[in-house]
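Pasting a structure below so you can have a look.
Labels run A, B, C and D following the written order; every chain starts at residue 1.
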Amino acid sequence: MKKLINSPETVVTDALSGLAAAHLGLAVDVENKLITRAGGPTAGKVGLVSGGGSGHEPLHGGFVGYGMLDAACPGEVFTSPVPDQMLAATKAVDGGAGVLHVVKNYTGDVLNFEMAAELAGDEGIEVVPVVVNDDVAVQDSLYTAGRRGTGATVFVEKIAGALAERTAPLGEVAAVAREVNERSRSFGVALTSCTVPAAGKPTFEIGDSEIELGVGIHGEPGRTRGALVTAREITATALDAIAADLALTGDLLVMVNGMGGTPLIELYLVYNEVHKYLTGRGARITRNLVGNYITSLEMQGFSVTVCKLTDSLTDLWDAPVDTPALRWGR
Amino acid sequence: MKKLINSPETVVTDALSGLAAAHLGLAVDVENKLITRAGGPTAGKVGLVSGGGSGHEPLHGGFVGYGMLDAACPGEVFTSPVPDQMLAATKAVDGGAGVLHVVKNYTGDVLNFEMAAELAGDEGIEVVPVVVNDDVAVQDSLYTAGRRGTGATVFVEKIAGALAERTAPLGEVAAVAREVNERSRSFGVALTSCTVPAAGKPTFEIGDSEIELGVGIHGEPGRTRGALVTAREITATALDAIAADLALTGDLLVMVNGMGGTPLIELYLVYNEVHKYLTGRGARITRNLVGNYITSLEMQGFSVTVCKLTDSLTDLWDAPVDTPALRWGR
Amino acid sequence: MDAGFFRAWVAEIAAVVETQRDHLTQLDAAIGDADHGINLSRGFGAVQAALAQASAATPGSVLVLAGSTLISKVGGASGPLYGTAFRHAGKALGDGPEVDLPALAGALEAALSGVQKLGAAREGEKTMVDALAPAASAFSKAVADGASPTGAFSALADAAEAGAQATIPMQALKGRASYLGPRSVGHEDPGAASTALIMRALRDVAARPAP
Amino acid sequence: MDAGFFRAWVAEIAAVVETQRDHLTQLDAAIGDADHGINLSRGFGAVQAALAQASAATPGSVLVLAGSTLISKVGGASGPLYGTAFRHAGKALGDGPEVDLPALAGALEAALSGVQKLGAAREGEKTMVDALAPAASAFSKAVADGASPTGAFSALADAAEAGAQATIPMQALKGRASYLGPRSVGHEDPGAASTALIMRALRDVAARPAP
């Protein structure tokens, strides 16, 4: 295991201390693993709380700030946070207009957020959860815990955050969050495994000319093993899987996301293939992100996330945002 | 070699096509490998041109835009561009106020930019080159080609770009660029090698518990091989090397830069160690960057760059910038 | 069985989880995300610390504190699920200083129903339920049949172990492993395996000569 | 020697660089950035393409075009340096249709001075100069001593090869390898190695029976 760390036990808290030192716009409670805006809650504004296992940076802490999240609670690496953290976050950001919980669809995240919402309710805070489940690699059926929440989480947090900043009521913020989730799909591909620091060895073995198609953001195995073919072919496989589930027409917001160990030159190369694939089928990419936004430690690979935009979603996407990992308009 | 590419020969042009598709604010001539602002030259404004081998993304193309570069010319992977590209870039951005060449100190970059400057001069364009040489891993002496240009290039391009945007004359823009370079130092550490696509195998071999201290951004060997110790110890080694050359006092701009294959969680962890080291010695980090800004393909590792700020340098750093990789204030 | 007995059980669980930490993590690596052993060692370590602090003088209060601590410290799917199991078991034991076998049987049934209410898993879906359900009913049956303590606890541990083994051919329909669909077949479920360890720990503690 | 002779030389260089591409890149990996072979194969490939297009009917024009193409296509340190070498050699040959051995000797001296003027490297600094300088002077001396063409070209190639080998114990003082300081000792300089290949190609082409 080759990592820049002090010890497997302190990875998350050491990194949180670094985040705190680097971004004075954030208030970071390292001990309780809680990241909020330095300003505190905004009266009359819906609070946005998200959280999940660590190892996906910049998600979620890097998206706390004006126009996006009010708080993030990171768990241990790849392990959802605990209800105590989520409750503390919910109380910290409640500005009297209620709190939205952005939850990625994993049993652990769902159960812990459910418990937290119940506890918050007991304390008189209105909480509405929105569960993100955009990963088409898993079929959503009676036979699974449902689709995993992956890249669409970034879109949900940005767009719902923008609407909340306009002091829309909780119901509307939750509705737009669900709308973004319903209009978004993702597919991920891994070239290499990641290594959970506390585990010390790669989560899965993979050959030098193999790739994992449909990999999860925790290194969960995907649909199949494939051969390491060209970026064009790999991209087509990913987009075919998405297109089989959602008609890729009209104006699209597209993210080509790196898994953590893939350099930007390769991500732009993949974006070029995505662009050719989608425009070749008559769609228009009107907004895009290319970079590392929801990672899996040092895994090499990428994911592509597509959202079918509407004019109002585009307007919310363009709204000013000022967070460590996403910033424009101010 | 595990990479998301179509073929080793087309890596650079395919990635440039992706950059062009993703950023409509850029004008990208894929065939001639030239990236300029879509708007064309700004009359009366000094033009900033930089360039170097590809494989360091977002450097340089990701820094073309308002408040930073006017043009970038990427060479083949790890190979400086050719005079034709630099001349074309220089002509494309000349707004009548002359052109600054930001050159990283490598024999190839220096020789090719020299030839380009000569050709531009023949065409009546005033060109002033600024050579960046901030890497303390190499001692600057009669026995070397001089220090390598690394992380400080990002600072030079941002700060000189900000001054140029204020339509300062070429002499002043060149002077501030040199001032930033003189006040900046860097040191890099590699955990793994990178693989040049056309070479197909890692540039260097390194053991599972070894690190390369003082590595160059092209995977050039550094000062010594060391053991993979804690992030705290590795960071101290890097900062000791810098402190031995530049008194680390006063207000500092610090960049903890990822080499391409290192995840953000580790970079923030390293930033925490850098912060403790520097503040522990009485310095103040008043500005910082944490992320992938000058990479070495998929290499795992980091570099730290420190610049001793003045009030006017801080003011120029804070000035609005709007590029694919660095954006604030608009 | 008094509070000391249940403290000893939890201590034994913590010890076993430590030794089996990597094994449980490897099971989770095969069909999950390689953290189950890490999660439980963090969780039961915290439970040990909490119990060392707390007075918790009744069997019920020991298990409720254990459950609450798991919920607060583990995260993931297993945190709320095991936490709920211990809390419900503890609540079922009431606040008497001593509990007998029938009371413990009722507590195990309460733990099971708590887990199923929260996680909505039925038997056969390749989860901890596949070890907990047969263990609870085997224990209840043995107790009802008037089996000796030794016999009842052996039935409990054996049923849990058999239940865990039985998850190998199953296709996961709940939890992270369900993402694999048919590819989840052929692997033992990590949570079922840890449940078997927890029940074995109970048997071993019960087998110790009373101090 | 006419334009055809020099076109044949350049073609032979291109062929040899192709076969030695990985070897040169590996030499560069040891003390540089692992691209020298890649750079030269891209460069001489482009030179071949350019010559195929161009009329270039004199020895001088062939070498000038080769040099300009290297400058335009290679990049790195070797691009401007080899480009300058060929341009200066070509200019020195003037625009006659035929050149003799003394003229070629002068052209090689011109190439050397061009490289040294641009790169400021002296002999012993572990660069291509350490192969080019002895080769040029050995050739001049042989020609001056009235050696046979075969003898002169062998002296040229042997001196270049010996010069390249002699870079192994040197510490690099110029170029990327100089960053290594003492660690550059013990490796052959890639540019010196490619210069030796270029000189050997010249000898081999000269050895061919005139068509």
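Operating definition for what follows: a contact is a pair of C-beta atoms (placed from the backbone, for glycine too) under 8 Å apart; a residue touches a chain by one contact, two chains touch by 3 or more.
For clarity, every value in this text was computed on a predicted model and none was experimentally measured.
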At the largest C-alpha centroid distance from chain B we find chain C
Between chain A and chain B, the Cα-mean centres are separated in Å by 29
Whole-angstrom distance, CA centroid of chain B to CA centroid of chain C, is 55
Rounded to the nearest Å, the gap between Cα centres of chain B and chain D is 32
Multi-partner residues in chain C (2 or more other chains touched) are none
Among line, ring, star, complete and other, the chain contact graph is line
Touching pairs of chains in this structure are A-B, A-C, B-D
Residue positions on chain B within touch of chain A in the complex are 2-7, 11-12, 14-19, 21-22, 54-55, 57-58, 62, 191-192, 208, 228, 230-232, 234, 260-273, 275, 285, 288, 290, 292, 295, 297-298, 300-302, 327-330
Per the touch rule above, chain A residues touching chain C in the complex are 53, 75-84, 106-108, 111-112, 114-115, 137-139, 142-145, 148, 196, 198-199, 203-204, 216, 218-221
Seen from chain C, its contact residues with chain A in the complex are 25, 29, 31-35, 38-39, 42, 71-81, 118-119, 171, 173-176, 178-181, 183
